[in-house]
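Sending over a structure as structure tokens; questions will come in a sec.
As written, the chain order gives the labels A, B, C and D, with residue 1 at the start of each chain.
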Amino acid sequence: MKRFDSTIVSIETVAADYYQLSFHWDAAAGQPAPGAFLTLLAGSGYDPALRRPFAFSAYDPATAIASIIFQKRGRGTAWLAERRIGDPLDVLGPLGSGFTLPPAGVRPVLIAGGIGLGPMKYLAETLYAAAAAGRGEAPLLVLGYRTAAFVPHCSLPEATVICTDDGSQGFQGTVSAYLQQLHDPLPLKYYACGPAPMMRAIDKLAALHSPSWEAATEQWMACGVGACMGCVLPFRDGSSKRCCADGPVFAGQLLDWDRI
Amino acid sequence: MNENIDMTVQLGRLTLKNPVGVASGTFGYGEEYSALLDVDALGALYTKAVTPEVRAGNQSPRLADTPAGMLNSIGLANPGLDSFIQHKLPLLRQRKCAVMVNVAGCCPEDYIAVIERLEQEAGIAGYEINISCPNVKAGGMALGTDPAVVERLTRQLSDRTTAGGRPLVVKLSPNVTDICAIARAAEAGGAAALSCINTLVGMVIDVKQRRPVLAMGSGGLSGPAIRPVGVACVYKVSRAVSIPVIGLGGITNTDDALQYFLAGAAAIQVGTALFTRPETPLEILTGLRAFMADNAIAKISDLPGLLQS
Amino acid sequence: MNENIDMTVQLGRLTLKNPVGVASGTFGYGEEYSALLDVDALGALYTKAVTPEVRAGNQSPRLADTPAGMLNSIGLANPGLDSFIQHKLPLLRQRKCAVMVNVAGCCPEDYIAVIERLEQEAGIAGYEINISCPNVKAGGMALGTDPAVVERLTRQLSDRTTAGGRPLVVKLSPNVTDICAIARAAEAGGAAALSCINTLVGMVIDVKQRRPVLAMGSGGLSGPAIRPVGVACVYKVSRAVSIPVIGLGGITNTDDALQYFLAGAAAIQVGTALFTRPETPLEILTGLRAFMADNAIAKISDLPGLLQS
Amino acid sequence: MKRFDSTIVSIETVAADYYQLSFHWDAAAGQPAPGAFLTLLAGSGYDPALRRPFAFSAYDPATAIASIIFQKRGRGTAWLAERRIGDPLDVLGPLGSGFTLPPAGVRPVLIAGGIGLGPMKYLAETLYAAAAAGRGEAPLLVLGYRTAAFVPHCSLPEATVICTDDGSQGFQGTVSAYLQQLHDPLPLKYYACGPAPMMRAIDKLAALHSPSWEAATEQWMACGVGACMGCVLPFRDGSSKRCCADGPVFAGQLLDWDRI
């Protein structure tokens, strides 16, 4: 974990209002795992004062280049979207715990909606590489969009299933609808990241198909390192945990999705 | 760096090795930031509030982004007195900076319970009394707005700390008509120092969702946005009392810190700026030394006297 | 644009044609900005303060830049009542927007003198009573912080305006412990509406020159930095009284204005944002209409009811 | 007077921390006179909230390109210094009154220190053009700097006198020292813009050599149009006037320089 001044290597649009941003990583900060995140200063002064958190969408140890995929939503991401190659970038990370890999013989099913794409893409690529090296099963990546126009045109693993609500590309229907009809000889383990309604639906399906699953969560953050207690999420047992330091990846079945 | 520069600060019988601290609630109990800055180099570490019982704090969302600042409604989320002593204090004791425990509660008895118990524990440099937390309805706000109540509470606590020599720092809220009256009451009650300021009450509404961003509705405003309010408060309060005033509110760099010292502060704390740039407190410490060397200022305590009027 | 949308606002017996006004002290007497925006399209124009005598205001510098905001210590600089009537009112009378005269003074007699005289002049829609100006030691601050004093002053003034039908709007300061107590006092004294908020007390120190940037030392903080404080005040005050509340403090665009309406405001004012982008008030007016059309909201007065909790 | 969205045509360094910035002018705003100013938004949001005032250093009616020369001093000018060609610029102007031209047979002596260069350069070029067209006398431009390194390398009229404190370029000494030994057969009229100590010195000299003179003044501004009463300057008769709307050019002998 380190705060450092980086430089932008590339920035490109991958779908309407979605950007892929790559920048130099400081090896002294440690290697980011799939599911971990970083925070960026999203302005040139102290407005905004709060850093913005993003999940890693890729990390290449050979070149020490890290990437995120982000959506333009408010003033911070609007500022980021205007950056150009060579611009400075104030980076803090890696932060948070990553995903745990599934036991042998279990099929990892990676489910992403919206800005959930980044962490799932990184996890998928990591699992593919592991499977290719004989460690674990190849993952299945399931992505949900409203319509074909929103499907990002960045490199995706071959076995990716695209679901569109209107059927304009891939499977017609939601990711849940796809998962409901999915048949796999192997037991499944869900990994999911996406908007709250999707996560609630996944939680219901997981009870049937993947009793233990992993959710990459989001919560407004200030420190990002566990100090401010700002980012807690509610759990079914009534407790709460910090998204940044205790997560952002949690056992999905433990979270109280009705209160998120 | 000029080794003859005197950076020490006197709070009652406690000497801080330098005037730069980290603000309560923004630095936890000193563990989380240790990968990002050298905690031992700080003058003081003000802990997150400690209350007698464990507290979960308020519902999420507890944070909101505001122009040049932020809102928080953490509440007094903390593990409680016993757990603090068992799990947090051992590590804190090993710190080479002064550990100031921020104490909070719903009623005077809560504060007394925490202080009496902590007086028996080693490794604590002093106490910061949060009478000004705007988030807990029953506690902070009500206690900190009435001079008579503040004086009585401060006396009850100083009666219990004076023998041990740990200074009692009373933390003032800007959400009052006359902050100087509260400051004088704390001084009369035996406070060794004051810290100034806590957050302002604020609210942000999510227009799309048509509800406040914070689950609690309102929260505490901090960060650069409130710096002018903090500087004005320190200027007034330091002229109303003769005990040291610790300035905070929106400090992000050496110049901001110098504003507080010139306004009358004996020491400062960095809060929200830690979230933006964690190394801020130590950069300020270096910057202050450089400023003093360049301007041939021998003691940090000389700074307040340099303000022209 | 949907012509069926009802943008009118009722302040006592006065109907404003739309809810967007420009804040006192930021728009002079309506002449200077007329090249930059269509003054007639505004719902209301709140004038710079008028006092019985001419006032030069404070020494320069009177302005300072702050994070996402500014400080001013203009004081009550104004040409005085006679000159206002002779030189400013004739042009103001020709405006198609409601002219609200901001009234200030050092003592109740000052306010009474201004109001009694202006009651004899045509072309004024109502009065905004500045009991909260933090800049003039003898006046504003002291008057605006004691509920009993506020109620008495408001009654003295409302006794003199009720017959004429011009609403008395009392402008509240956020620099108090309990803004709702002041709000209720003004309501009890006969205020037709409240405006909320005036500036916060703040100070900026020029570290190089080692003195406050403002010649006066401290001044009033305004702009986006204080928006969360303003929204929180409007939320509280609109629940404490049953007269309309006019929201202001840091409004820069339609979303900011909507925050105030959802918090409980019946109308809004734009101040500091005029300095950044003079066309802001009219952009907000257009934006509000569009928001209401898109969300099938028929009346601007429906907005406060839409807040979820 | 108009607020409009402009585009940067050029930006270049002319001396250490001094920049010359040119941008498209909106003809509908009206033509800027020497001595008038404009205000710029010096950030991308509302931090800073206050626009920054700058005097025109040139205006070319043929191309409708306006210029300023600015010094990097604080956060607003630091932001401006980072702009590039083609970047947007939020402009409001022209504001304030300009200089009045001297009567025939009077030599205009234009004196500038530091950021006073811009308005004096524009005035000098205007007076040269007028003199060339047979209207009025050619001006003398006198610029003061600490040392040669600070002398801007932008185009300057031929008859410009550079004064350096250390004599590393041109006349050795302050502009006042130069003016004290200046001999001209014509009566003089001073026009001056610069830091307060220089203006005080000019005021003293003017009492001897140019009883009526013109000062381009500065004061912190908020509205820039005369509405906020924020920018008043003190006068010898005890009155005060708004820098932005009543100035920024005033009869120098009327201002109370001891209180500025």
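Note that in this section a residue touches a chain if its C-beta (ideal position, glycine included) is under 8 Å from a C-beta of that chain, and two chains touch if they have at least 3 such contacts.
As the structure is a prediction and not an experimental result, all values here were calculated from the model.
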For this session: Please find the path from chain B to chain D through touching chains that uses the fewest steps, and give that number.
Result: 1
For this session: Weigh A-B against A-C on C-beta contact pairs and write down the one with more.
Result: A-B
Seminar exercise, completed: So, in whole Å, the Cα centroid of chain B is separated from that of chain C by 34
Problem set entry | Rounded Å distance, chain A centre to chain C centre (Cα mean) | 47
Exercise. Distance-wise, how many Å sit between the C-alpha centres of chain A and chain D, to the nearest whole number?
Worked result: 54
Seminar exercise, completed: chain C touches at least 2 other chains through residues 64, 67-69, 223-224
Problem set entry | Junction residues of chain A - those touching two or more other chains | 45-47
Exercise. How would one label the connectivity among the chains shown: line, ring, star, complete, or other?
Worked result: complete
Problem set entry | chain C-facing residues of chain A, complex | 45-47
Exercise. In their shared complex, at which residues does chain C touch chain A?
Worked result: 67-68
For this session: State the interface residues of chain C toward chain D in the complex, per the touch definition above.
Result: 25-28, 31-33, 35-36, 48, 56-57, 59-65, 67-70, 72, 74, 77, 213, 223-224, 252, 272-279
For this session: Mind listing the chain C positions that touch chain B in their complex?
Result: 64, 66-69, 71, 145, 175-177, 200-205, 207, 209-212, 217-218, 221, 223-229, 231-232, 235, 250, 255, 258-259, 262-263, 306-309
Seminar exercise, completed: Seen from chain D, its contact residues with chain C in the complex are 1-3, 41, 45-51, 76, 90, 92, 219-234, 239-240, 245
